[in-house]
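Dropping the structures in below, format is C-alpha cells.
What follows is chain A paired twice: with chain B in the first complex and chain C in the second.
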Partner chain A sequence: MEGSGRDAGVVDATERLRQIEALTDAALAHLNVEDLLDELLDRLRDTLQVDTAAVLLLDADGSALIATAARGIEEEVRQGVRIPVRKGFAGRIAAEARPVILDRVDETTVANPLLIAKGIRAMAGVPLIDSGELVGVLHVGSISDREFGTEEVELLQMVADRVTGATRARLAATERDAALALQRSLMPSRLPEIAGLDLAARYIPGGGKGIGGDWYDVFTLSGGRVGLVIGDVSGHGLKAAVVMGRLRSALRAYALESSDPAEVLRRLDAKLLHFEPGEMATVQFALIDPSFNRIAVSSAGHLPPVVAAPGGAGAGLADIIADPPLGVRPGIPRSSTEVSLPVGGVLCFYTDGLIERRGESIDTGLDRLLQSVRPARSEEVAVEVMAHLVGATMAEDDIALLAVHRQVEGASDPLVLHLPAQPDALARLRSAARRWLAANGAEGEEVDEILLAVAEASTNVVEHAYGPGGGELAVLFELADGVVTITVRDHGHWREARGTNRGRGLLIMERCTDDVRIHRDADGTTVVLRHAIAGEGKP
Partner chain B sequence: MTEAIVTTTLGPDRTDIAIRGEIDLANFAAVQAQVNQAIDNRTIAVRIDLTDVTFIDSTGLRVLFALVATLERLQVGLELCAPESSPARRVIELSGLSSLVRVVPDGG
Partner chain C sequence: MQEGTSAEGTVVLVVSIAEVDQATAGQFEAEITAAITPPPRRLVIDMAAVTFLDSSGIRVLVHTYQAMTDAGATMSLRNVSGIVRRVIEAVGLDGVIDIV
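Right, the complex of A and B next:
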C-alpha cells in the first residue's frame, strides 16, 4: 500500500514539477525575486505535500543564512531569522553542502526556535549551489510524522536548482542596478566652476567584469585651493561601489583638515585598513594652490597623470613618486610630488580601464593615451581620448577620466564670477582676481588696492544684501585702455550697517580706486569701481 | 574659508602676536578670539605684527579697532607693526586707525 501510494505521489510530483519549471519562464519575468520564490515555494508545498517551505540565502560575508522566502512559516522572513553557518539544521546543510533529513526536530537538531514552536516533526533540506558555490539553503517541514525519502530529496534538489537559477539572474540584475545607481549618485553631477580651470570628466561603467569601484572627484577648498581625485577600488559589483563611496567621502573630510596630499592619503589608508580590512584601492590626490602654479600630487599605486604643455613638446607622464596602494599594510610612509601645469596646459587623470585591453601590453595603451592628449580645452581632450582609446568597443572594466585645462587668463578677456553671497566666497574671489590681474599686467600696489576695493564692495553684498535665504554675488572684471573696471552686483537690498566699527567700506573703496559709482534699483545694487593700471594691460 | 595663523610670543614686558595669512569676513571672528585669548590681565604691552598679512580689509580691521578700545580700557599698551606699502599698512592708514595707535614699520 505504501509503495504504490508513493509511486502515485511521485508521478503526480513529476507532473507538478513541470508547473514549477514553467514558473521560471519569461511569462513570470515581471515578478521580483521575493514573489517568484513565494510562488515556487507554494507549488513545492503542493507537490511534496509538506506544511512549510523556506529559502535562506547566504549573507554578503558568507557567515550566516538569512530567511528570504517562507511559506507556511512566514514569520521566519518577517522576523528576519538569521542562522549562523554550521549551526542547526540549515547551518548544517550549508556547512556540509549536501542534503540533510531530520526525523526529530528539537533543540539538539535545529537552531531556529520557530520550527519547534510550529510543531514541525520532520524536515528535509538541500543546499542551493551556484557554479560550485553555496548561495543558500532550501528546506521543507512536515507537522505530521513523516520519513523523507531519496526521491523527495531528489525532487527538492531539482527545485533548488530552479530557485538558484531564478534568483541568480534577478539578484545579479538588482545588484548591477544598485551598484550603477550608487556610482551615478556619487559622481559629481556637475563639476565645480573654477575661474581659470576648465574641467571635463567621463565615467563608463564596466561591461565585462561588471561595475567596479572607479571614481573621480573635484572640490574647492579654503583659500581658493582645488582638490582633484581619481581612484579605483579593487573588485567589482555593489561592494566595490560601496567601498568607493566611503573612501570618497573620507578623502573629502581629510582634505578639509590637511593641506598635504600625502597626509590625506596616509589617513585614508589607516581608515581603510581599520574599517574595511581586506579591501584595496589605488588613489591619486592632487591639490592645486590658489595661484595654480603648484600642484602637489600624492599617488597610492595609481597610474601617473598625463601632462601636455603648450609648445608642441607632446604629452608625457608626470614624474611623480608612486607609493603603494591603500589597504596593503599599516604605516606605509607616503609622499607628495610637485607637478607644474603651465598656462594653456592639460593634466589628465585616468583609471587603468582606459588603457588596459585584453591581450595587449599596458605600454601600448599608455602610448595611445599620450598620443591623444594635447593642450586644448578639457572637453576636446576628453572627446579625443575616449574616441582613440575606447572607440566603439564595450568597456571591459570601469573607465574614469578627469581632464583639467589651465585656461589662458587675461589677454583682455573679462573675468566673470558668480559666487554664493557667503563669507567663504571672498577668498575664492580674491584668488581668481589675483590671477586675472597678474595676467593683465597689474602689479604691486595696484593689485592690493583693487583687491581691497573689491573686497569692501563684496563684503557689503555678503553682509547686507540678502536675508537668511542668501543670494548671489556677481563680479565682473574688465580691462580697456589701461583701466580695470570691476562691477559688483547683487539682487538684494542693502540694509544699514550694524554694529560698531562699521561703515568704513565706502571710504576705503573711494580712496583705493579712481572712481566709485553705486547704483541701487528694484533689482538690487551695482557697484562699479575703476582703477587705472600702469602696465596698460600688457604683461 | 580664509586662513590666518596667529602666533603668540610671551616676553617679559610685552606680548608679541604675529598674524600671517588673510583676514576677511570669513575668519575675522576666529582671529579676534585667538588674539583675545593671547592677552590676559597681567599683560603690560602688546605688539601685533601684521607684516605677513597678505590681505586685510575693513572687516579685518574690526578686530584691531575693537582691540584698541579694549586695551585702552585695560591700560595695556598697543602697537601695530606694518611695513610701508604692505596690505595692512595701506588699510590702517586709509581707515584712520593710524591716528589711534602707534604703527611701526618693522618688528625690530
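Right, the complex of A and C next:
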C-alpha cells in the first residue's frame, strides 16, 4: 500500500475479512456487547496494524456520539468522551454519513483532545449505518504518519457493518430484557384482597412488535374505595415501559387527591403533556365506592370494559363516554360515567392487544371477547378469555387483562377479614361489614350498633395490641338463629382499658350489643360480640 | 369546612369528615380547633356530613365541650344522624351535650 509505513499488504483483503468474520461466529455468541466490541476492535487493530480503534454510538436524541468501545486509547470510554454531531472528526463522519480520512490531526480537525495528546498522526473512519439510519462511527488511528487507502477504508466499512449487525441484536435483546424487567416490577405481584370482590389479572409481553407500555393496577383508597386502572402507552420497547411506569405512579398520586376519575385523568393528561411531550396513552380509571353499588369510570380513548351480569342476558360493552387519549392537546374536558356491577357480575378491563389480530376487524375480536366473558369467578373468566382470544398464538402486541367479580355476599356465609392492624383498615372493615350486614337482612339501628361495637373492639386492637411494627386484625362475622356473632381477634397483648376514652369504648360495646365477652390468653385477645337482628332471612 | 361568625359571636362549623374514627379523629379535632380560635361565645357543630363516629370522635367532642364550658361558652350539635346519635346515647352524653 503506497505511503504506508507498514507492510500492510502482506495480509490480503480476503484473509483480513476472513479474520473479521471469525469474530461474529457462534464462539463469540456468549459475549456481551462491550466484550464483543473490544474483541472486534482488537482484531481490527491487528489486521490493519493501527494503534487505536474506537466505536462511538449515537445517543438517544441523536445529538452526540458517545465513546462506547476503544482499544489503544481506553480513556475515551472511561472518561465518557462525548462528541457533538458535526464537530471534529467523528462528528464529521456522522454528519456526512460517509468515510473520512485524516492525514493531519490537530485542533482544527479533531474535537477529542485525547487523540492529540496521544500523538495520533493519521486517522480513518466510517459511519455505522443500520437500515439506512446512522447509529454511530467506527474509527482507527496511527501514531506514525500513514495514508489510509481506499482498500483499507472499504475493509473498515465492512467491519463497521459487522459491528452494526452484531451489536444490533444484542442491544435489542438487552433493551427487551430491561423493558420486560421494568414491566414485571411494575405489575402488582399480588392483587390486593378486598372482601366482596375477587380479582384476576394477566399481562403478556408482546412478541412481534416488542414489549409495549400496557399496564393494569388495583389499589385501595381511603374510606374503603377501590381504584382499578388499565392503560396502554403508545409505542414499544424500553421507552414505552418507562413512560408507563411514570403514568402509573402519577395516577396513583392523583387518585389520593381527587375522588373524581375524570379529574384524576385530567391531571394525568396535563402531567404527560408537560413532562413527556410527544407521548400518547389510552387509560381507563374506575373508582368503586365502598358499597360496590357505584363505579365511576373515566376513559381516555380506551376500549370500554365488558360487563356480564347474572341472569343469562350475556355480556355487553359498558356504555361509557370515551374522551380522547392522554397526550393529544392541553385542556381537553374529561367526564366520568357511572357503571353498575350487580352482585355476582363481572367487569373486564383489557388492552387492544387482546382483541386485535392481523387481518381481522376489531369487531371480530370484540365479539369473541363478549362471547367469552360470563358472570363467574374472576380467575375462571381470565382463564376462559385467554383460552378463547389468545389460545396458542404468540402475542403480537402486549396484552393486559383485569377481571373483577362482585361476589355473592351473605346468604349466611360467614365474612372473614384479615386486615393490617392500622387505623386506615377500620374504614375498609366498616365497608365490608355494612355490605355483609345488608346482605343478611340487618337494617337501621341494628347495623349502626354492630358497626359501633365492632369499631371499638377493632380500634383497641389497632391501638393497643401491637407495637409500632403492626400486626393483623382478624374479624369474623357469622349469622345463626337471628343472632350476628362477631369475633375480633389479635395476637398481641391487649392492654387494660386506660383513661376515660377506652372506658367509653367498652361502654359502647356493652350498650350496643346483647353480649360482650373478652377472652385473653398467651396467644392474644379475642372479643366476641353478639347482636340479635330482626330481619334475619330477608335478602 | 365552612365557618360563619355572627354578630352575637356564634360560630357554625360544618364538619367535612364523613367517617370519624381513629384514622380521622385528628382531622376532626383540627377542624374544631380552627373553628374555636379565637374562642366564640357559642359553637354550633353541623354534623350533616358525618356518617360514622366512634369513641375517638366522642373524645374530641368531650374535650371541646369541656373547653367551651370552662370558657363560659356553649356548644351544640345539629343535623346529627342516627348512628352518631346512637353512640352519644351509648356513652351517656345525650343529656350533657346539647343536640338540636
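Details
By definition in this document, the second predicted complex is superposed on the first by the 516 of 539 C-alpha atoms of A that agree within 3 Å, B and C clash if a C-alpha of one lies under 4 Å from a C-alpha of the other, contacts with A are read in each partner's own complex, and residues count from 1 in each chain.
The rule is simple: a contact is a pair of C-beta atoms (placed from the backbone, for glycine too) under 8 Å apart; a residue touches a chain by one contact, two chains touch by 3 or more.
Source: prediction; values computed, not measured.
Superposition of the two complexes onto chain A shows a clash between chain B and chain C.
Applying the stated contact rule after C-alpha superposition, one finds that A:75 touches neither chain B nor chain C.
In the superposition on chain A, A:133 contacts neither chain B nor chain C. When the shared chain is aligned, no partner comes close enough to touch A:96: not chain B, not chain C. Overlap of the chain B and chain C interfaces on chain A comprises residues 222-223, 423-424, 426-427, 430, 445, 448-449, 451-452, 455-456, 459, 462-463, 500-502, 504-505, 507-508, 511-512.
Chain contact summary for the complex, chain A toward chain C: residues 222-223, 423-424, 426-427, 430, 444-445, 448-449, 451-452, 455-456, 459, 462-463, 500-502, 504-505, 507-508, 511-512. Across the complex, chain A is touched by residues 1-3, 22, 24-27, 55, 57-59, 61-62, 65-66, 85, 87, 90-91, 94-96 of chain B.
Residues 18-19, 21-23, 52, 54-56, 58-59, 62, 82-83, 86-87, 89-92 of chain C touch chain A in their complex.
The part of chain A that touches chain B in the complex is made up of residues 222-223, 423-424, 426-427, 430, 445, 448-449, 451-452, 455-456, 459, 462-463, 500-502, 504-505, 507-508, 511-512.
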